[in-house]
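Take a look at the structures below.
One chain, chain A, links the two complexes that follow: it is found with chain B in the first and with chain C in the second.
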Partner chain A sequence: MSERAEERLPGVQYSRWSGIRKHTMLCCVSLVMLYPLLWMVSSSMKPENEIFTSASLFPSHFDLSAYKRGWFGLDVSFGRFFLNSLIVSVLSVIGNVMSCSLAAFAFARLRFPGRHLWFSLMLGTLMLPYHVVLIPQYILFLNLDWIDTFLPLVVPKFLACDAFFIFLMVQFFRGIPRELDEAARIDGCSAWRIYWKIMLPLSTPVLATAAIFSFIFTWDDFFAPLIYLGDPTHYTSQVALRSFIDSTNQSDWGGLFAMSSLAVIPVFVFFVFFQRLLIEGIATTGMKR
Partner chain B sequence: MASLTLNKIVKRFGSLQVISDVDLSVEKGEFVVFVGPSGCGKSTLLRMIAGLEAISGGELRIGSEVMNDVAPAQRGIAMVFQSYALYPHMSVRKNMAFALETAGLPKPEVEARVNKAAAILQIQNLLDRKPKQLSGGQRQRVAIGRAIVRDPQIFLFDEPLSNLDAELRVQMRVEIAKLHRELGATMIYVTHDQVEAMTMADKIVVLRLGKVEQIGAPLDLYNNPANQFVAGFIGSPKMNFLDATLLSSDETGSVVSLAGQSLRIPRGLAAVHEGRVQLGIRPEHAMLSSGDIALGQMEIVLVEHLGGNTLLYGKLSDGQTLTVQVEDQARLGMGDTVQIFANAARCHLFTGDGRAFAAV
Partner chain C sequence: MVGAAVQRQRAGRFVAMREGYGFLLPWFAGFFGLTLGPALFSLYLSFTKYDLVSDPRWIGMANYVRIATADAKFSQAMHVTFTYVFLAVPLKLAFALSIAMILNKGLRGLPIYRALFYLPSLLGGSVAIAILWREVFSADGLFNQVLAVFGIKGIGWVTTPETALYTLVLLTIWQFGSSMIIFLAGLRQIPQDMYEAASIDGASPRRQFFKITLPLLTPVIFFNAIVQTIDAFKAFTPSFIISEGTGGPVNSTLFYTLYLFQEAFAYFRMGYASALAWVLVMIIGSFTAVSFFMSRYWVHYDE
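Then we have the complex of A and B:
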């Protein structure tokens, strides 16, 4: 029996036509989802006058001059903006993964007074819209003299301020058998060593998930950098992209789409690299449940 | 190797008391088995000894030291968990070495101890594998190896064989008993399987609802159970209990009436007792011929052929049910009627509240 046939469930009728129908429909839906992205990439290679006059994904001829224009078109090279984005995003990933996993470990495994109350409060922050805390946060960072630095974007990530990731990790840690902690305690581990030697190595899927989301959220974030960064040399790529659109003079749409296309690449690469860790799954095969 | 003393040990979860005034003394090198039905508190008691559960009251001593508030790692114990609790991301070698590395032992000593334990358990060829690459029995060996390397004063086993299949369970049972002989270590073993308890223990502690029902050597518990619960729990198939009426009782024994017959049983009770009693007969002690007391006719309702012996389930003339185990392959079937006998010396008597009459 072929491997393909073995995968089939007994008693279920498989029709060739139903397969074709299903895949055609999936392709169509995928195309609808992908069209804006493909249009953006295609527009970055079109001559400027073709961008809004042709809905076709294929340019009449390939024109890569928008990339050169976009890269060098602003007062500061776009390389600088990518670097800024990279610094903020990587630090945010490191900060979120470290601090949120520590907080999650405490909520999931340690006993301390008011644990449930603190956890509820932490979850409560998920319900608050960002715009509600924006002004108090701004005043706080202003008083700390952190405006126009990366600190407001990065430091909170090291202080476990992202309740979503903490909640995600708490749920994951709760799924790791408690006997492992107990075995480690008998083996002489402190809470820190249990976290570092047992919990973290077993939590790669959730850490990878947090890393991916954290990277994407930070890389794509427009609002916070817009609020806190004033000096164009500090701009992240998302804020810098806005500079291509000028309300008074002519906008450089080609340059915008070219740089937008480049801005997608790091997120794509990051996702491809870390999603392998996601699918490995937790290896709890040392436990008999 | 160390002794263990529990003195009026109590465990409470909020207002719920799950362990009540447990007193126990375990000698150096002794193999003690905690046995009892699910929820009797045997695992909780073991975890209190391990330091994984706080002790609500009483005193726990390992050797001469009070250990109530000492961290698990400082108690000189090692524990084998029901789920094995091997660290999935570490190799077998790393799993076994982990406690020693945590304690900061020099690398050559860690290596030597791991190799020695691996040799004892014959798992040298598995040292570089991950737990997921091992079978259930191999994982259990590694879990035991992880305990051995620590050279603990007391080994604690929490139902270590319950996840293994029947054949492997028997094999591992023999190996743990052998290991106990070789290491001469003090071991405390929790199980709900009375066969494991009977075959492995120097001393059995029978627990029910957080209280110790009886402590004793396996055969003591089998021959002289302190009460009806222990009598029913120890021994397989379970002891038969028949309603009877106590006619008289003195230092030479008791006379009971069962299904209209008077039976003299060589068991007595210090306190005067009258009225309803339970006559206990183990299935293997009920016979189809040649006993010194006759229990009357039994109509067979079910026959189980086990090959080496046969189990007969039936009803006596007064409607009470009885299980009889006969040796070899009995050619009997449902609906057949047989005469049941027993030796009075092997019968037990229990008061209405379950206390056993003492043998005279």
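Then we have the complex of A and C:
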């Protein structure tokens, strides 16, 4: 259906005025919604005494000193925290894409005894709240001496623990014509080659969607790093922001806003460049974010 | 001849087994080692007293009995969580649906609005946004500065026990974007000729909404409601940040997961926290079961 055809729906009185009214309303809603975000960014560039005295988005003069103050506001610099976040997020993306696509390929394409049982168990884990496995996992990682390392954050991703991504990929793989792998089979291709040479190259959209969401979820994750990371040099940016509000208490709001603004930039960049992919991902799978 | 065919079939089945289970190897390791095993272990722990130092001591149903009868903080956490869930989710969905309806009526600039409305939903899970929210609703924060323009003197919304939870409800509603996208996709599925037929028969837009749009959208509404509710029961970051981990002021933002976190990692009552986790499973499970049962009476499936 073309854009034009969608613009005129029966049963609705179209007039120039109703259009203008709607646009005005939507613009107001957008403004109210985005104002806090804009305020955060503008506060990070205001002189300290203006932050809580004026609701205006425009500082009397631009003052970027808050970025420097915030960056070095804790004993360890924010460069370290962002690097830690990046390491954990990138490793999680690699782990999730690899392990989940392997499992999804088996569920979607291979016929083997017990397939249905394991598939329904996998769907069952989708419903299980993380809190149930939290404490035994903590005890396990404690005994492995993994506390205060990135391993508890990253290793589960390499073991396909995010069932949601398996489900997402199964759905996509099922849409790829079976004739392709049947033909390859007849030519003597192994399952591994079909996975590597046919499935993965044809699945770049879903792999990209999984990779991006996996990055965003890990980047924003607060619970696991809060529990597992104790030494400030290992903090991810989210945990660091939290200790920033604890340590400065009343003093450096500019620095706090500056570091908060920096912490949302990676997600914002994905939003700008991959918006279409993200929105399609949500529309087709009903993801919650 | 027959023997050879059977043998070949057997060999084929063996290869299929090897391939299937080979590809599932990482998942099996995760499933047994990090999901099923830990889940069973936490079920066991929930019947014990365990502080990580001495061995778990079996105390039977004592943890559950205490949760059900003698834990005022648990009741408070339940009260806060249920208030939050049953305010935030319906309001969020209502808002998401209204905006989706407006956007769906053939408006120019749909992709731009859709993107702008989606942005808070994408950013919203982070600590940075929770911090921002705390400052927006603090005594001299943005919200009160705006009120001051109208000559109203606001209070410290996050530090007042009566209002703190409502700022978190607002934060959730603010993130209505992804539900809106799902509603938009659902609205697209409704056949246009239904509206054409209805308007020829003289049905008003209002009547069309209640007789066509809403019934045909019920599966999507149901789906959104389930996903958002389960998610809301598990909310953690905003209450942790706004209250600096305490659930305060006066436990007014003590979300269930925050209480569980405190029991486990502040007081190291691992057995009790495990019992709390299983109670959460029961709450979410029974909520989902009841919803599916009720859905027979209001969700309209085409097939």
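Points worth noting:
We take it that the second predicted complex is superposed on the first by the 232 of 289 C-alpha atoms of A that agree within 3 Å, B and C clash if a C-alpha of one lies under 4 Å from a C-alpha of the other, contacts with A are read in each partner's own complex, and residues count from 1 in each chain.
The rule we apply is simple: contacts are C-beta pairs under 8 Å (C-beta built on N, C-alpha and C of every residue); 3 or more make two chains touch, one makes a residue touch a chain.
Note that the coordinates shown come from a computational prediction; the quantities given were computed from them, not determined experimentally.
Of the two partner chains placed around the shared chain by superposition, chain C is the only one that A:Met25 touches, whereas chain B remains out of contact. In the superposition on chain A, the chain among chain B and chain C reaching more residues of chain A is C. In the superposed model, A:Ile216 makes contact with chain C only, not with chain B. Looking at the shared chain after the overlay, A:Arg193 reaches chain B, while chain C stays out of its contact range. In the superposed model, A:Glu179 lies in contact with chain B only, and not with chain C.
Across the superposed pair, chain B and chain C both touch chain A at residues 283-284, 286-289.
Chain A contributes residues 177, 179-180, 182-189, 193, 197-198, 201-202, 283-289 to its touches with chain B in the complex. By the touch rule above, chain A contacts chain C in their complex via residues 6-13, 19, 22-23, 25-26, 29-30, 33-37, 39-40, 52-55, 98-99, 102-103, 105-106, 110-115, 118, 121-122, 125, 127-140, 142, 156, 158-161, 166, 190-191, 195, 216-217, 219-220, 222-223, 226-227, 238-239, 241-242, 245-246, 253, 256-257, 259-261, 263-264, 267-268, 271, 275, 278-279, 282-284, 286-289. Across the interface of their complex, chain A is touched by residues 50-52, 71-73, 77-79, 81-89, 95, 98-99, 102-103, 130-132, 136, 139, 146, 150, 163 of chain B.
Residue ranges of chain C in contact with chain A, taken from their complex: 13, 16-17, 19-27, 29-31, 33-39, 41-42, 45, 52, 99, 102-103, 105-109, 113-129, 131-136, 140-142, 145-146, 149, 174-175, 178, 181-182, 184-185, 192, 195-196, 198-199, 203, 205, 208, 223-224, 227-228, 230-231, 233-234, 236-237, 240-241, 244, 257, 260-261, 264-265, 270, 273-274, 276-278, 280-281, 284-285, 288.
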